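Each in structure tokens, the structures are laid out below.
In the two complexes below, chain A is the common chain; its partner is chain B in one and chain C in the other.
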Partner chain A sequence: MNKLLTLAAFSLREILAAPAYRVLMSSTIVIGIGAMAISNLFLLETIKVELDFLWLGISLLATVYMLVVATGLLAQDFTQGIAYLFLPHMSRQIYLLARVSGIVAGLLLLLALMAAVATAIVTWGLHHTPTAQTHGIVWWSPVMLTGMALLQSLTVLSIVIFTCSWASGLVEMILFSTVFTGLAYLLPSVIQAMTSAEVMTQVPGWTAMLIHAVDYLFPDMTGAQMALAVVHGLPVPSTELAWFVVSQAGYIMILTAAGFLIFARRDL
Partner chain B sequence: MAIGLCLYGMALFHHQRESLQQSDFFTGGLPPSAQKALAGPFAGAAADLNLLGVFSIYEGIRRQPADNNALWHKLHARLLAAQELDPWFWDVYRLAVGLMAFRKQGTSAAVDLLSKGAAARTWDWEMPFMAGYLAHEFLHDDKRAAVLMSEAVKRPNAPPLAIGLASQFFNASEGPEASIRFLRYLRASMPAEYRAVIDARITHMEQAKVKKAHP
Partner chain C sequence: MPSIHCHDLSKSYRGATSLQNASLTLTPGSVTGLLGANGAGKSTLIKCILGLIQPDSGSIEGTDGASVGYLPELANLPASATAWQTTQVALKLCNNHADYTPSVLLDLVCLDAKHWHKPLRHCSKGMRQRVALAYAIAGKPQWLILDEPMSGLDAMGRKQFLDILLDLNRQGTGILVCSHIVPDLVRLCDRILLINHGRIIDKVDIILHSMDEAEALESRLMQTANQSYE
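Showing the complex of A and B:
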């Protein structure tokens, strides 16, 4: 346990010292100012627009952190023999768990800072906007969006762990992690468009069955409707919320377990 | 995808400084369903970018007052795309009314947009009321106007003013009997605090009817 905590703390210090992480930390302010600037171009629902761009910013920030900082850290460990320095003192599982814990701690710090910036901006905006134009939006709406982004980025982390466990170099790790993440973001909405009534009436029966099968295999893990409900200050549909959490948790558990199993057998 | 969205937004801003000959690429836009598929979890931001496109196209229309039908079509397409991406977004409907509704060729499209918006924004009485008003005043489609106005006054927080205007509309278009029937129907489905206003209106209309019959 001590070894795990020591290596996790060491990993966090390593991340905090990384220039890319510092750039991401500073970009929280840029995202906040950008959201405020864009929302000023709109007429009525300016806080909704602010939240839209904060949601985009938070998701991008967390995804870039995973694809650049986390993948970089794991790739450097696996390809430059750094993991080999730790492994005589602990099992592979403990080593990977400690590294992942450090990465998650870095993510939590980054998202906490982003949530604080976003909450301050939205609170200020709510104070200066007539109530009729804010309809149900509350100062903690950015915190809800940050929670959704946290769950999404943990899914991206599980994709990174899975990819890094078998890929052989930094480029391969970043490339495959990015492709899988892009698919995870895009596939649900593409399938949703394909399962619309207009498309289904135009395609042959067997194709429709195939599309429905893919629809069941890859449930919507983007939370698009929930994010829309939050930015409009509407109640989040409980069924969609439950499905979102369950599908994300399912992806995280399956990919992380597969990643740990493959890592235990890979050559270092 | 997200980078693509950012580039798309930058392109829209950049367009404002470009000539109208170059407008096709920036103002054309993708079909709504394709935009929805590409936007993924960021449908709200994609809807916002479509509205920035609307501002840009309207600027083009202002600079080219004649022969601008193609630009009006593009403006309508952008509003439709924004609605498809985020049907709850109030600015879409405000722009539909402000830019399209009072233009001869745009009223019907604006009423369609507002009617769809009314179905999505179930808490909002203004949307069906405005659609009903436009349908009556500019499209002369009183049947559609009656459906939309009845829907509007049944919404929560519909003010007495809306009830009075809807009743006047029925009075003018279908006669006092229809107006009184409408008010009685409305009274039955309204919370108690709204009934006094409706009762007063019914009494007023019945007195007017009696006066008209026995002058």
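Showing the complex of A and C:
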């Protein structure tokens, strides 16, 4: 436990000192200013536009953190021999868990800052918006969006862990993680269209099975749909939210466990 | 402290044999050298002993529960961390606050105090090598495994490194070291294993640690290299 905490704290310190992380931290302010500037271009529903822009910013920020900072840290460990320093002192599982804990701590700090900036902007925006135009948006809507982004980025982290557990080079790790994540964002809407009742009756059985298999292979990133509801001040159905959380958590656990198992056996 | 026994270790990468039925015994307190050309299988053997690589066949005994310090060939350290922070984390991971402090460790590896709080990305290769050695010895390990520890060091640095290693050995640390630099190996080791194409082809006991022994070993190495080219 002591070793885990020591390495996790060391990992967090490394992340905080990384130039890419500092750029992302500064980006929270840029995203906030951008949201205010963009919403000022609109005459009506400025608060919706503001929140829309903030959601885009939070999602991008969290995803870039995972693909650049987290993948960079793990890839550097495995390909440049930094892992060799730590592995004589602990098991591979503890080592990876400690590194991942440091990465998650860095993510939490980043998202906490982003949530604080977004909440301040939305609160200020609500203060200057007539109640009739707030559309049910409340000051804590950005916090909810940040929570969704957190879940999504943990999914991306599980993709990163899985990819880094078997890929062998820095480029390979970053490329595969990015492609997998990109597909996870893009494929659901395509698959949704392909699995409509009309299409399913037209295609052969094996094609339908293949489409469903692909659907199960990729995580459910449709949190964006719920985020849309939050942005538009609509109530988020609790069953839908619960299913989203459970399915994401399940996916994260399975992919992370697979990553840990593969990493325990790989040559370094 | 038990000996480390390796029996018939073999390892191939995509059909290319890197290690072939390699067997060796490391006795406590001994200094064993691995000598061979590039790609002979020295690093693979070391990584097998450390458990970083899973051999295709063969077995290793005596490493369970043994404390091992490792200095890899590419001693990459987290670039943003300082020498002080790196040794501090090593001491915490080894839970060894009784024997060393970061300053004692960094003094031991002859790193000038003015470099202790510089990010490692601003340090030279030689300085980083010293920090990596400090990291490896932080836990006062029973075994120290070093992969090309002297590469990239100037003459003074090599001498200091050798003195540090000899001193550690006098305190009872067993050492396994691989290097291309024959005189350094002869000065340091009790026994040198010649490795070629993944096979341990000869074992040479070093008695006098003299230049004559180094020259004889060098010609033996050249002879082996020529035979493999033919």
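The rule we apply is simple: the second predicted complex is superposed on the first by the 242 of 268 C-alpha atoms of A that agree within 3 Å, B and C clash if a C-alpha of one lies under 4 Å from a C-alpha of the other, contacts with A are read in each partner's own complex, and residues count from 1 in each chain.
The working rule: a contact is a pair of C-beta atoms (placed from the backbone, for glycine too) under 8 Å apart; a residue touches a chain by one contact, two chains touch by 3 or more.
Note that the structure is predicted; figures quoted are calculated from it, not measured.
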Which superposed partner A:Ala227 touches (first chain B, second chain C, both, neither): first
Contacts of A:Val138 with chain B and chain C, given as first, second, both or neither: neither
Partner chain in contact with A:Ile262 - chain B first, chain C second, else both or neither: neither
Touching partner for A:Leu85 - first (chain B), second (chain C), both, neither: second
Chain C versus chain B, contacts on chain A by residue: B
Which of chain B and chain C A:Leu175 touches, first, second, both or neither: neither
Partner chain in contact with A:Asp52 - chain B first, chain C second, else both or neither: first
Contacts of A:Leu186 with chain B and chain C, given as first, second, both or neither: first
Chain A to chain B touching residues, read off their complex: 38, 41-45, 48-49, 51-53, 55-56, 59-60, 133, 152, 182, 185-186, 188-190, 192-193, 196, 222-224, 227-228, 231-232, 234
Partner chain A, residues of chain B touching it in the complex: 1-2, 5, 33-34, 36-45, 47-48, 51-52, 55, 86, 88-91, 94-95
Residues on chain A engaged by chain C in the complex (per definition of touch): 2-3, 6-7, 10, 13-14, 17-18, 76, 80-82, 84-90, 265, 267-268
Of all residues in chain C, those that touch chain A in their complex: 47, 50-54, 68-70, 72-78, 80-81, 85, 89-90, 92-95, 119, 132, 135, 139, 141
